[in-house]
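Think of it as A, B and C in the order they're written, each chain with its own count starting at 1.
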Amino acid sequence: MVNEMHPKLEEPVSPKDWTSGIERPMSLLEHIPEDPEPLVELGSQHIVSVRQLNQDKMAQLFRLAALYETTPSLYQPPLTGKILISAFYEPSTRTRLSFESAWHRLGGDIMSITDPASTGIAKGESLRDVAEMFNNYGDLVVLRDNHNTAVYEMIDALRIPIINAGNGTDEHPTQAMADMYAIFKWRPELLYNDVPEEKKVNIGIIGVPSRMRTVRSLLLFLAMYPRGVKEVVIITSDEDEAFSEGQLEELESSGLKIRVSHELDGELPELDVVYINAIAWVGDSFETHGKSFKLGPDSPLKPGSIILHPLARGDELSTELDDTSHNWYFAQARGAVFIRMALLTTLSQRINQVMEASA
Amino acid sequence: MVNEMHPKLEEPVSPKDWTSGIERPMSLLEHIPEDPEPLVELGSQHIVSVRQLNQDKMAQLFRLAALYETTPSLYQPPLTGKILISAFYEPSTRTRLSFESAWHRLGGDIMSITDPASTGIAKGESLRDVAEMFNNYGDLVVLRDNHNTAVYEMIDALRIPIINAGNGTDEHPTQAMADMYAIFKWRPELLYNDVPEEKKVNIGIIGVPSRMRTVRSLLLFLAMYPRGVKEVVIITSDEDEAFSEGQLEELESSGLKIRVSHELDGELPELDVVYINAIAWVGDSFETHGKSFKLGPDSPLKPGSIILHPLARGDELSTELDDTSHNWYFAQARGAVFIRMALLTTLSQRINQVMEASA
Amino acid sequence: MVNEMHPKLEEPVSPKDWTSGIERPMSLLEHIPEDPEPLVELGSQHIVSVRQLNQDKMAQLFRLAALYETTPSLYQPPLTGKILISAFYEPSTRTRLSFESAWHRLGGDIMSITDPASTGIAKGESLRDVAEMFNNYGDLVVLRDNHNTAVYEMIDALRIPIINAGNGTDEHPTQAMADMYAIFKWRPELLYNDVPEEKKVNIGIIGVPSRMRTVRSLLLFLAMYPRGVKEVVIITSDEDEAFSEGQLEELESSGLKIRVSHELDGELPELDVVYINAIAWVGDSFETHGKSFKLGPDSPLKPGSIILHPLARGDELSTELDDTSHNWYFAQARGAVFIRMALLTTLSQRINQVMEASA
């Protein structure tokens, strides 16, 4: 309690927002010719795993996300009258708000469930019955649950689309979409299969593919674009088992080159993209991994390289990097809203309201 | 974690929804001539007890519910700009989402209170003062509270309508409305007083009228339509006191015939409607009743009979019955949204926007 | 459980609302000539402290609040498409609902955070990073936090406006705006600097300026209008330190006359405005002060005097005063929605949609 006005209050709310420049998404938009068909097709799917997607569908999702990002406001919000059931049985603010913001910006209404103790599940209700309830009360479900299998149990009974917003240690496909959207805004040419050798990138992932759903989904996406990637380096502690059974084999079968390293600073000078995450959600708690790996102002980052982080961050990523050109994690977080807007429009089968769809 | 696409993800989101067929509500709609007057009159009431309703009001509510159920979307949502205060001081997902979905589908906005610990009540604020606050901040209140008297304390100070969504062990009128709406969609002719003898039905209620608010309200409704009912059989355990003081007498004074049985399978072959519920909310916890009574594929159900359940269910109602024609509990749950839409439109005094009201 | 209709249910929902008469706000409206400029200027500010405001800005806010209070509904809600992030890291229902009701009535959408345990903050996320997230997901933040400094940490990273809805023991400026709005509806002439001597008022504050953020902010407002106030009497217990360091000096420097008293009933006959509050939020709990000070039907209140209370109340303010003309605390609570509507419209830079703004 100061008895005078705090100096911070003398300044106006900053209207400048460097992460919100429209040049990057505009450039990505121009790289991708509009084609509604892949999204119309996607509109009849639940979204649980990155494995359900392909390059064509992703390109159109990225294009639509970029359209949303470069368009200040929608004149006719395509989801007016639609209701989202935002069911976060595992605590989350960031992912929940990102989905809810996306849905609101599309004009829809929301019902949130943030407290599992308040649900019939606490009384022993089956997830199938919960899904049956959701069919009657909403138009689309976003589910986070710390059990890998919950989303699959729901699908058996659902007649409305569901999006997996994190299922235990398994997947988190929309987070990985946001990662990829950031990468393609940075380098749109990586979208294509004919990337020239000198444009290919080295990607470092500081994290544990066997334990982190964000990393698991990201790697599945990278395996969708193997020709733009020179090498993926997984940087983990000695003590962590980097891959779960069969995971590495599935990824390598796509043609992606993957190497494991236990050392960070030796790898950084060669990495074009550095993805870092320290937290793995396991059951109803979280594990912290790779405590010795930290990115800071003294890290030997390659000039022009970008850092991604799914956030929230701890001290593995220094705030001193926030004001450098390596900071793409804020743009990544911002883009998460727009890529989700694109996906939500698609699954609500309202693509025809924002694209020249034939269907 | 499988390293391939889960087979469930190969199939499209099912567009088919057998509970959402419009034939049943359309048939009910055709049975009831439109008359806005009873609803205009109802529009000046709080809704706390089934005792406030009568056949005329209910017929018009059912008609409006059927209209909503058969109308895919509202062109001019009648509650645009109206704010619902959704106050669930006792945990609930199903009832809360049903009301919130109904309100959103009518175009309104919602403020939820799901955590009693976060309220002034925790600091000792009176319910009268909370009601005074609600007057200023919203247009209608839905209240669930585990004290039978809370809703009455609020009414003293409220100048906006309140709907009782479950007050302790007392009543839950809108759940019972949903029960009745399901019954009348199944047999519209039961609405009338001149039901021919061969069309009258036997109704079995597996539950405890003295402890379960859902059963208490349902019985009050059945007492409103005694001429369509041959007999109501209450099926309870020996150890439960079936009725609270005066309850049976009040019901019988309507002309309803009521009998208590302690045996399930001997009754089933004669029952046209089987209502089952095992949970009673008492204070801040719940009791489970009638553990020996279970409905499953081997139960001797009468052909053509229907099963109702307020949900959430435990193992008293086998999922193996879900795909049989006895399953009317899903239609009942679905209809709960539409009957609440009808009631909310009425209490918000917007009947004139959806019916040819003179008032 | 009575087996007949409760007598309270026989009566219609009262359409009369004596606090909602439009004479008082209409009179205030007529006292203040419209001038959008001060609000356009205010539109680029965060609102954390009363110190950021002045008489011109407040007069226009009061005018706009009175306009909203006297206008039954907005034809074109100015915040359509805007998203409020309602972040209450300290429990609150009243303030939260008041802000959310205001935002909804202006046509906007809302995302609520009511459970701090569900946030990244619980995992050690910095408030700066939370603020960065808010930039991407919403258009305005309302924050309650039990740390005095939290709102200042957020401001460093925010590019959207924030409103302080209570920061520890420091300030609660919008509550104090509601207090002042009630006072000026009662006596519009106190708005001006040339209040004749016989119209000046004595104001009693039963509370502890050193501990209560509501009182702290109210005193800062009173110091903005010293010429209408004969004297402010702070009525506290002996054991409480009335002022924090420098607080009294800052207030007196405005010309406001302040005196401390430890006796209530001896002061009441001279007081025109009696403000009473017994609770101070400190850390994650609350203190109760002044237990011996109670207002009731036997209190020697000056005829024509008004009572204000930020609510929720305990037994310091008897409900027996509710139906007397001293009760301005209900009007104060009601006005809280309209003054917040005025502020939210201003900070969202939509003044031009409700006033003839040149900007």
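Here, contacts are C-beta pairs under 8 Å (C-beta built on N, C-alpha and C of every residue); 3 or more make two chains touch, one makes a residue touch a chain.
Since the structure is predicted, the reported quantities are computational estimates derived from the model, not experimental observations.
Peer 1: Superimpose the Cα atoms of chain B on the matching ones in chain C and note the rotation angle, 0 to 180, in steps of 5 degrees.
Peer 2: The rotation relating chain B to chain C comes to 120 degrees.
Peer 1: Same or different for chain A and chain B, where same means more than half of the interface numbers show up on both copies?
Peer 2: Different: when the shared numbers are divided by all numbers used, the fraction is under half.
Peer 1: Between chain A and chain B, what is the gap in Å from one C-alpha centre to the other?
Peer 2: Distance between chain centres, rounded to whole Å: 40 Å.
Peer 1: Two or more other chains touching the same residue: where does that happen in chain A?
Peer 2: In chain A, the residues touching two or more other chains are 112, 115.
Peer 1: Contact residues on chain A for chain C in the complex?
Peer 2: 1, 3-6, 8-9, 12-17, 19, 73-74, 77, 88, 91-94, 97-98, 100-101, 104-105, 107, 110, 112, 114-115, 279, 286, 311-314, 319, 330, 333-334, 336-337
Peer 1: For a test of understanding, state which residues of chain A touch chain B in their complex under the given definition.
Peer 2: 44-46, 48-49, 51-52, 81, 83, 85, 109, 111-113, 115, 117-120, 122-126, 128-129, 132-133, 135-138, 148, 152, 155-156, 158-161, 169-170, 216, 244-247, 249-250
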